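The chains carry the letters A, B, C, D and E, assigned in the order they are written, with residues numbered from 1 in each.
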Amino acid sequence: MAAIDVQRLARRYGRRWALAGVSFQVPEASVMMVNGHNGAGKSTLLRILGTAILPDGGSASVAGFDVVKQRQDVRKLTAILSHQNYLYESLTARENLQVVADHLGKSRGGIDALLAQVALDARANDLVSTFSAGMRKRLSFARVLLQEPRVVLLDEPYGALDPPGFDLIDAVIRDLKSRGTTILMATHQVERAARLCDAVITLEGGRIAA
Amino acid sequence: MAAIDVQRLARRYGRRWALAGVSFQVPEASVMMVNGHNGAGKSTLLRILGTAILPDGGSASVAGFDVVKQRQDVRKLTAILSHQNYLYESLTARENLQVVADHLGKSRGGIDALLAQVALDARANDLVSTFSAGMRKRLSFARVLLQEPRVVLLDEPYGALDPPGFDLIDAVIRDLKSRGTTILMATHQVERAARLCDAVITLEGGRIAA
Amino acid sequence: MKTAWIFVVLGVAFLVAGSYLGLFVAPAEEYMGNVQRIMYVHVPTAWNWMLAVLYAFGAAIAFLFTANAKWDARLEAGLEVSTLLAFLLCCQGSIWAKPTWGVWWDWDPRLTSVAVLLFASIGIIALRGFVDDPHRRAVWSAVATIIASVDLPIVYYSVKWWNSLHQQQSSPQTVSSQFHLPLRLNAFGVLFLMIGFIMLRTRVANMNRARETALPPMTEHAGEIA
Amino acid sequence: MLIASLRKELLLQWRTRSQFMAVFVFGAATLLLFSFGVGPNAEMLRTFSSGFLWLGLLMSSTLTLSESFHGEMENRALEGLLLLPSDPRALYYGKAIANWLQLTLLGCALVPVMVVLYDAGTTQLLKLLLIIALGAAGLSAPGTLYAAMTAQVRAKQTLLPLLLFPLIVPALLASVKATSLVILGDPMQQSRSWIALLGAFDLIYWSLCGLLYGRVVEE
Amino acid sequence: MLIASLRKELLLQWRTRSQFMAVFVFGAATLLLFSFGVGPNAEMLRTFSSGFLWLGLLMSSTLTLSESFHGEMENRALEGLLLLPSDPRALYYGKAIANWLQLTLLGCALVPVMVVLYDAGTTQLLKLLLIIALGAAGLSAPGTLYAAMTAQVRAKQTLLPLLLFPLIVPALLASVKATSLVILGDPMQQSRSWIALLGAFDLIYWSLCGLLYGRVVEE
């Protein structure tokens, strides 16, 4: 069974279709890249699959659960790296991850290792409000990993990262895939992502380009 | 005379030096790339040169004017593309540019051409709050061009843009340079930028790496 | 559409008849004189206001359970008509209060609960103006309407308790039978008018929503729109 | 889950504790302004003191409440928590309890200000504390719900009081009445029934708002 | 430049015009709440009416003022304008004038509410308009300055009234006094001198704040 199954999905903002009927599948333990121009609807697609917003038409299931009717089940198994980074500005990097761990009912034990993985261990006790653009991206990536998701949705994961950061993302994606995680990634770094991906779809004006 | 002249520039946030004595020059009508890891101090450097923040030590001049003592002169000649995009969310794309033109005492005539240049002409009358990440970036780039600056400071210009957007930026940078504009660009797209640049500096922990 | 206009016409007819009787046929009241004739609109307005609030409350509950945009349109209509009625009620009451009680306003249970609900519904209408997303707008106004309606009995009883020492209202039972007919006529007049208005307003709301959600056609690939 | 949520709220509040001081000064300033409005009439001031106390607390509470969603909205952190997933009710009660604690503290801190400004003292401090705690609960429960709503739209500072104030009237009236009985003397032992009424409001608000919160924060 | 700035402000306000309605309702609700505080005492209400009117306007004004910097701060648009460069004074006066217009309008809209709620009418409408316009100017000039300051920090909603209220007291007192003379009758023609005083405050505020604005918004 496909890890992500999207059928004629549609979503509108006001009087404009951001997604106008998109269908595709992502098999388990594979990496798919979503391409497309600015405003093509990539973020909208990922936000629907991550159950952050509701679709206006069609259907989609993630890890076997419907994104409208079984939102809580979908949420248990997916994590999304979004344009919004979901960080508390007035908490430190470590506290941000601790809050997530607490809400997931996880132990706080693995947090330091995660911070080291994204090269933020030296800044673990600094407030997020003092972080540079790339450091925020790193922390929100760590936040995604902390959730140990079965399906990962990455919206522009390379944005604001430095070259070692690019390599970090690549390595983690390979690792996740080898452990059976499914990854859907929207990015403009086509060449870099192509090396990782098993499949590619291109959106154009809310539809899959021919 | 160098278009940008930076001497032992330093800037701190709280007890951490974001820039710890940086010196370099950028000749007129040339393109320089600033490299460096996340948190190396690139944005801080650009914001000082754009007179958005003040340095804590050293000195810098842009187009012959000191960034501390002659801020208004510097501002007349420079434009900065910053992590903050300086856009009014509740105005449309066109109105945003009109506001800038009005404040500069420029005519509003060239705005439509600019919008077409960044491929936003179809969305000119939509509110910025409905724009995708890349569309905002395009609009703030148009905002920079509207100022007709002599010195351009670009902080991560490729971020959030799609591949045609990358090419657009490259073309515009080449064009600006051929017309005598000096460009200082901080980016992580090292290979792409290397094709454009006349010189490169790399920051590391607020210093120029050896 | 047609029925709505029939209701409006009927309402106006009843109101004209009732008001004619109330103003020119019924005798003036003993203590208050002619001012008292405001009662013929005041009391019907009050009754129907309560009905409108109930209607809005019902629509809000129905929306939360069905998520059907139709209920949102009904909620919007009910809310606005009830706001209008509450406003009229306050105006009529104030005009009446000035000569009888010597003040425009007084903090008695009825008045307070009307004022509270008037402001609450204005707040909800304002909220609707700020939310662009139609779904959110509907959910939020339904939630706010429910809370405000639950609040209504609480306000009524708490204020009653609060002011229990100096009640100023005379009791409706003292109304003599000569006043009944115009009162009844007007009550039905306002009721019909209100039903007509709510129907018309619902239609406008549905049309607004349709316009707001008017879309260029999608390809045949697209799924059904909920 | 509730523990996790409450812990987070308290941590956030601790980080922005200077806000509490600012709100307190604001409340005190409001009390002062009221006394300006009434003019130099000591007897009148004492009579209205409890009303002014609660009005001051009400005004300040909108600041506390809307601030409590500031950090949640900056990077849409609240959405992030919901997607984990977290139970919206746990998130709600965590925040409502934290806000309740802060408002109770604020109310207690404003009492001495009232005593000094309006010459309105009492010896029944425990009873006063109880009233303040119950009244603050009545503010916090719907306040947290509405703050969640308005935090997501423009003009939040305006809409929050607009929606909240009418709603809060019964709890406010009961609190004012109970407080004024405590301050001005309560020969007929009426304050008990007001306190009971206040408790009843709290019960209704705390259960109803917890149920509705999920609908408000989910799209 | 001033034209450009004013034009921008009016456009922004037009886009957020629903905010104005909301602030008005808020102001009206505040007036209602004040009368709750005083209780059912008609004579007293009339006496305090002008004080309450101005307090209500003051409360509402902080909403208008801080909202007027909301759009500027979202993407640091104000910084963007300063870097063009724009003259900070033009930016200031543009915003201050726009805020003044809005507050004057608001004050006028609140008068009928006051008349109805407090039974406090007058026939000297032109004089009242003058007082409201002058008083609104006294609110808007320092208010815009402080709103710029507080918009850049956390807890802005709290800090703005806190900083503004003490500063505004003289202008407020003069406005209250002048208004109450207009409403309650002015046998000794004192209102003239209060209006003159108000004008003098305005002159000082408007010139001083324009000078200081540049220092506040530049780093």
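Note that in this section a residue touches a chain if its C-beta (ideal position, glycine included) is under 8 Å from a C-beta of that chain, and two chains touch if they have at least 3 such contacts.
These figures come from a predicted structure and were not determined experimentally.
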Partner chains shared by chain B and chain E (touch criterion as defined above): none
Farthest chain (mean CA position) relative to chain D: B
A-D or C-E - the one linked by more C-beta pairs in contact: A-D
Maximum centroid distance from chain C, chain identifier (CA atoms): B
Chain centre separation (chain A, chain C; CA means) in Å: 48
Gap in Å, rounded to a whole number, between the CA centres of chain E and chain D: 26
Whole-Å gap between the CA centroids of chain B and chain C: 57
For chain E, residues contacting two or more additional chains: 16, 18, 22, 25, 29, 36, 39, 154
Of all residues in chain A, the ones touching two or more other chains: 14, 16, 54, 90
Of all residues in chain C, the ones touching two or more other chains: 119, 122-123, 126, 130, 135
Pairwise chain contacts under the document criterion: A-B, A-C, A-D, B-E, C-D, C-E, D-E
Complex contact set, residues of chain A against chain D: 50-54, 71-72, 75-76, 79-80, 82, 84-91, 95, 99-100, 102-105, 143, 147
For the chain D and chain E complex, residues of the former touching the latter: 16, 18-19, 22-23, 25-26, 29, 33-34, 36-39, 44, 48, 51-52, 55, 58-59, 63, 66-67, 70, 154-155, 157-159, 161-162, 165-166, 169, 172-173, 176
Complex contact set, residues of chain C against chain E: 94, 102-107, 115, 119, 122-123, 126, 129-130, 163, 166
Chain E residues within the chain C interface of the complex: 18, 21-22, 25, 28-29, 32, 35-36, 39-40, 42, 116-117, 119
Contact set on chain C toward chain D in their complex: 64, 112, 116-117, 119-120, 122-124, 126-127, 130-131, 133, 135-136, 139-140, 142-144, 146-148, 150-151, 154-155, 158-159, 161-162
